[in-house]
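Remarks on the structure that follows.
Labels for the chains are A, B, C, D and E, by order of writing; each one numbers its residues from 1.
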Amino acid sequence: KPTITMSGSTSVAPLAAKLARAYLRECRGCVRFKLLQGGSDVGISDVARGRVTIGNSSRDPKPGDPGGLVFNKIARDAICIITNPANRLPNLSQAQVQAIFSGSVRDWRQVPGSTISGPIDLFVRTPASGTQDAFDKIFMKPQKVSTVASQKASNGLIQQAVQRDRNGIGYVSLDFTRGVHTVRYKGVACTLRNAVSGQYEGVRNFYMVTRGKPTGAAARFIRWVQRSTTARRVIATDWVPLR
Amino acid sequence: MRAIDPDAVPTVLVGESEQRQALSVRPTLASQVARGEAQETVRETVERMRTVELTIAYGDKVAVNRVSLTVRSGEVLALIGPSGCGKTTLLRSLNRLVELTPGANRWGTITLDGADIYELEPTELRRRVTMVFQQPNPFPFSIFENVAYGLVEGGRRPKRGSELEQQVVTALKRAGLYEEVADDLGHPALRLSGGQQQRLCIARALAVEPEVLLLDEPCSALDPISTEKIEQLMHELAREIAVVVVTHNLQQAWRVADRVAFMYLGDLVECGPAREVLENPQAPRTRDYVRGLFG
Amino acid sequence: MRAIDPDAVPTVLVGESEQRQALSVRPTLASQVARGEAQETVRETVERMRTVELTIAYGDKVAVNRVSLTVRSGEVLALIGPSGCGKTTLLRSLNRLVELTPGANRWGTITLDGADIYELEPTELRRRVTMVFQQPNPFPFSIFENVAYGLVEGGRRPKRGSELEQQVVTALKRAGLYEEVADDLGHPALRLSGGQQQRLCIARALAVEPEVLLLDEPCSALDPISTEKIEQLMHELAREIAVVVVTHNLQQAWRVADRVAFMYLGDLVECGPAREVLENPQAPRTRDYVRGLFG
Amino acid sequence: MSRVAAPEALRNRVGRGGRLRAGWTLGDRLGVAGAWLAGLALCAIALAIVVYMLVRGLQFLNFDLLISHPRAELDQSKSGGFLDPLLGTLILTVLAILLALPLGVGIAVWLAEFGRPAWLARAVEAGVEVVAGTPSVVLAIFGLVLFQQHIFAFMSFKAEGGAVFARSFLTAGAMMALIALPLVVGATREALRSIPDHVREASYSLGKSKAATIRRVLLPGARSGIATGAALGMGRVAGDTAIVVILLGASLQLSPQGDLPILRTLRGTGSTLTSYVYNNSPAGEGNAPQKAYAAAFVLLLIVLCLNFAVDVIQKKGGPRWES
Amino acid sequence: MAALMARVRGLLRTGAGAFPPRAGGVADAPANPADLRAERTLRGLAVLVLALIAAMLAFVFAKAWPSFAHNGLAWFAAGGNVDRQLTAIFNSPADPDRWVYEIRAWPLLYATALVTVGAVILALPLALLAAVFITEFAPRSLAAVLRAVVRLLAAVPSVVYGLLGILVLVPFVDHYLISDARKASVAGVVQLDGSSVLVATIVLTVMIAPIMIAITCDALAAVPRLWLEGALALGVNRWRVMRTVALRAVRPAIVAATVLAVGRALGEAIMLSMVSGSVAFAPNPLDGLTFFFEPARPLAATIVDNAEGLSVKPFAQTLYSFAAVLLVSTMALSFIGWRLRRSLALPGVGR
């Protein structure tokens, strides 16, 4: 029985696990799965060296990545901008996001719609994270995130920090929005439905990365993930299926 | 147990010095001569400590059983008896060191100059009633620091400078060690020989000017020459202060003691002038023990 | 009771064996009688070990200086001398324990039955020349296991059988300990009293049937009664094997030794029959030392 | 008998200073007060931690968590328990100590009993100290590269791509053994040193070789020290996170590798309670503090058990020996 | 005698003579074969471990070299923003010739030193007092409890401390100790959100103090009772005896404990990454009280936070340079500790 090993992004891991379970049910245990985590870059380097069959990545390919990799897009994920529940900020435009996160706007009083005043506390992710990469690309380009911002190593830490800090603002994967206020981006609420319908723009890609074109069991699995309706249904529970 | 009336012990020893002399193993030594004189003159002894019906038990085990005894300045009291009979325990109870042993309990009273020692601050008591142990136990400091230790750390106002130095030298001289170490008081004490270490420990104890000096088998780890020096020292000290010495060497008891107390399994079997107890013991148990070596 | 007058001894010496008898502190004991007989008959002694110009130095410090000595079976050889004179060092060189001390160097030869001991395998040598130490040091096992230790080879489980048990019992009996511990050989050895522990250590050494038994101040940590038992034991052992004992107790040397070697600052000053060395020493240094206690 | 008056010379020295205050300066008193304070503060801290963890642990822990497998799921608070991390902790701890014990005891014995040549002994001592001081995160990243070498393929596995995976219980256990090693070496060496020389010499004097003495007297005599070192080492291993996160593959479930019964688990990947706590704390992606608390509580219990084991070992302590 | 001494000395110097001096008593007779075997095996084990350690050092330094080589001494200096620099390194282009290495690691070094020294300064007196309390002043039942407590605290995994820190202490500090005014006073420079030097130092103190207490306690218990009783018998009170005899005798152990604790503090990654604030900021003592609430991220925490990026070569090399600095510091530390221990050791006291 062939074994498919996956490692990589912690954001992709839950989805990959669900997909694997569904796949096994459908093909009646035709393969064995082994799922490891570690982060997008771990997945990419593992697969590049041939240590795993599939590397999961929550970020797009970047120039520094090893050559010969194929990024197979499998799903998409919304990134939400969140504030403390005390600050029921209705909406942010891209310019506003950039002004806030680059540090040119430093007080909530300068942000229209803010229900509080005081200095703005920024919470962002560490450079190696896929979420940070996506945020930089989708929301910030060409600006840079302020150096003042606190770098957190995980979605959870940002969620917790914003939940605690009245003046905080940060961004997380859609699933980490419990207990915080989600801000509309360009007038669109950050919800699964809006993301699926394509109205919400702040979405990034999830990939299953292979070395060269996928072959054998891995190829069958990835094709199933990308094509089958079962996979679509699984993805649609919490993520944004590909069109 | 035979009741012993501690008061019945004669305070003054007169006469029979010749016989004593003959028994002594070192009759020609200067100290011996000095001592002979001291014995011929009426030596004044003063009661300093007294235990009344003292019982010490470790948990269930009674180590000292209803012992009543007096300790007098001006004389050497030797505690003898077979191993484990409670000599050390009795000695350690006199300056309340025994209470440091977990599980040790006490009944009966101990007084120092009429005052119950349990009403005194232990620190104060131990400064007046100091002890020298079987194993030489100098601190891992220099010779000077060892002797100065009790002076520097004991008092409210630590002594300093030349006064301290003076006292250290005096104590070393009294312990008969000064000559040997005068050159290098900064020498680590633990590098001294066993006999020197033991005399250092005595010097350390003398430096705080105790009123009662307790010695627990001070010579058992030493060679004869060191032993002799220490025995000599005891004689001299006994002129001023009360000296209690534990020994299981009967010859030593002979040589140094004015009074001897024989203990057996925690009981004080017999206590009296050295000559009487060692030569002519009343109690059968004493006789057996003394004969074991003597007869 | 006979008044003991050790001082008088050297001067009143006339008859030999009576004299010895009189000096002995335990003249009425059975062993003493046995010994008296042994001495009156010519006891056959056989040379077992010999040191020739043996020098041992710790780094720069010479501890044993050109010592030539013989060790004979059938007699007890006592090494005496003031503290630090090299007694222990000499003893430890006889079974090559001294080479375990870092920095110890040796010149000269030591032979066992004519063969250089440095040509022997150390374990083999030490099995034939065993040693008992000043501090009783039983292993933290049961009594049985302690004695059996030297008998049981390697890691193999011994046959719990009769042979081993027999040997253990014999060793314990020879050491005079069997009566006291027969009931419970599984008892932890460390719970025995000091004297019993020391006899256990001797039993342990005897179990391997050594040809030479070295004892380094075996009684210095013991009470008189235990001491007596061990002294008695030495007599008995000396009939069969060579016994070398270090002591700084001259009385003990008197009581147990057939031959006495006096050391001083590493030199072997005098060596001869016990009586001669102790009573009538030739060398001035010996005289001073012995007189220190005797005259 | 009435009290005899002390001679004048003695009288002068009697009873100087007040009674109860004698010999205690203000500084001394403050020192003692400070010591009490420190002791009580320690109690308070420990009590706070233990009670808080107990409350939280009991609040969130249920039996199901202990016996159900964890699943990679977005909302960890709803999915699965931590059976696998629990097993992972046990496996890793035992494995690490099985590697560290012979190595550590061997080194300690060599250092304490042979130690020749001296320069090598000093180097080894220094080396052990270096290991003791090396942060586990450094060991982890070192191990990752070390075990990627082809000769170590047996410890994890070789993927289809030809590269050695390097992450498995065996590789993590090997690095964890390095964490435990200094503790085992230290405790064993102390225990050996505390055995007086004359005990060794007594054994040599009975004609025993050094090897026999070590095996039959010294090691049994040092047994409680060795056990203490082992238990301490296991505590450190059970509590380490960095190596697990980097070297154990961080697969939530045990995922065995190959077919050989026990080896397949050891060559496979998994997780431990520490990495589980980390992942479910806000710092990890799970972010389910309830589970983090529950798992941390179980982890604490394990550590407590190891502590208790140390106690028992040391109390029974008296080295016994079966011949 | 004197002649012989001279001869001995001469022999020692030249190494000649009938029986050349031997160190440690290597017999000139056949040694026991079992012993030789045992010695060889055990020495093999020791050498194996030594080789492993050497490999580790060589490997880490080789990996770290490019980062040091590209930056020179400026590596240790301040300049620019470390997080920006790390991001730039992480996003290096694929071409090795254009890899970015620039880093000015001062804020990380400073944070490491700050948190470590702070924790040791808090923990040392606490540990000494507590150890004295346990060995001398505590009632016996309490002492037994305390010993257990200390060992428990020493064994609590750092991730549990981290968990408590991040879920309990950080929110507490954020809510109750940092006022909005204080936050506003540093707005635009740094954010105060509870994860701070203060929390990191306190949790670290609680983490390392038990280690120090345990070692000091053990050492105190090993001080010969004879010394203590000897001092007590001179009429010196118990506090003084502890201070002047016991603590003095165990100074080498205290140094050892401190070295061990500092080592743990330097290398602590997980806990610090959870509570220390995760900003490469250099807290400024001139800020007064605010200083304590400012975030700081030590080296080890930086490695863990960014471990994911190990697969990017220049980034990994930078992380290894952090590891190398940690290794050098812990090695220097144990060397200093060793020297100190040797100079403090009193004759006759173990170790």
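List of remarks:
Criterion: contacts are C-beta pairs under 8 Å (C-beta built on N, C-alpha and C of every residue); 3 or more make two chains touch, one makes a residue touch a chain.
From a predicted model like this one, the values you see are computed outputs, not experimental measurements.
Looking at the partners of chain A and chain E together, the chains they share are D.
Measuring from the average of all protein CA coordinates, the nearest chain centre is that of D.
Summed over C-beta pairs in contact, the chain pair with the top total is D-E.
If each chain is reduced to the centroid of its CA atoms, chain B and chain C end up 32 Å from each other. Separating the CA-averaged centres of chain A and chain B is a span of 85 Å. Chain C and chain E have CA centres that are 53 Å apart.
Mean C-alpha position of chain A lies 38 Å from that of chain D. Annotation for chain C: residues 100, 122-123 touch two or more other chains. Looking at chain E, residues 23-24, 32, 166, 235-238, 240, 273, 304, 307, 310 sit in touch with two or more other chains. For chain D, the set of residues that touch two or more other chains comprises 23-24, 209, 212, 246, 281-283. Contact residues on chain C toward chain E in their complex (touch as defined above): 55, 57, 59-60, 62, 65-66, 96, 98-107, 118-123, 265-267.
Interface residues of chain E, counted against chain C in their complex, comprise 1, 4-5, 8-9, 11-12, 17-19, 21-25, 27-32.
Residues of chain E touching chain B in their complex: 140, 224, 226-227, 229-238, 240-241, 244-245, 248-249, 346-349.
The residues of chain C lying in touch with chain D in their complex are 95, 97, 100, 122-128, 130-133, 135, 137, 139-142, 144-145, 148-150, 152, 154-155, 157-158, 188, 190, 201, 204-205, 208, 214. In the complex of the two chains, the chain D residues touching chain A come out as 71-75, 159-167, 246, 249-252, 255, 257, 268-269, 279, 281-287.
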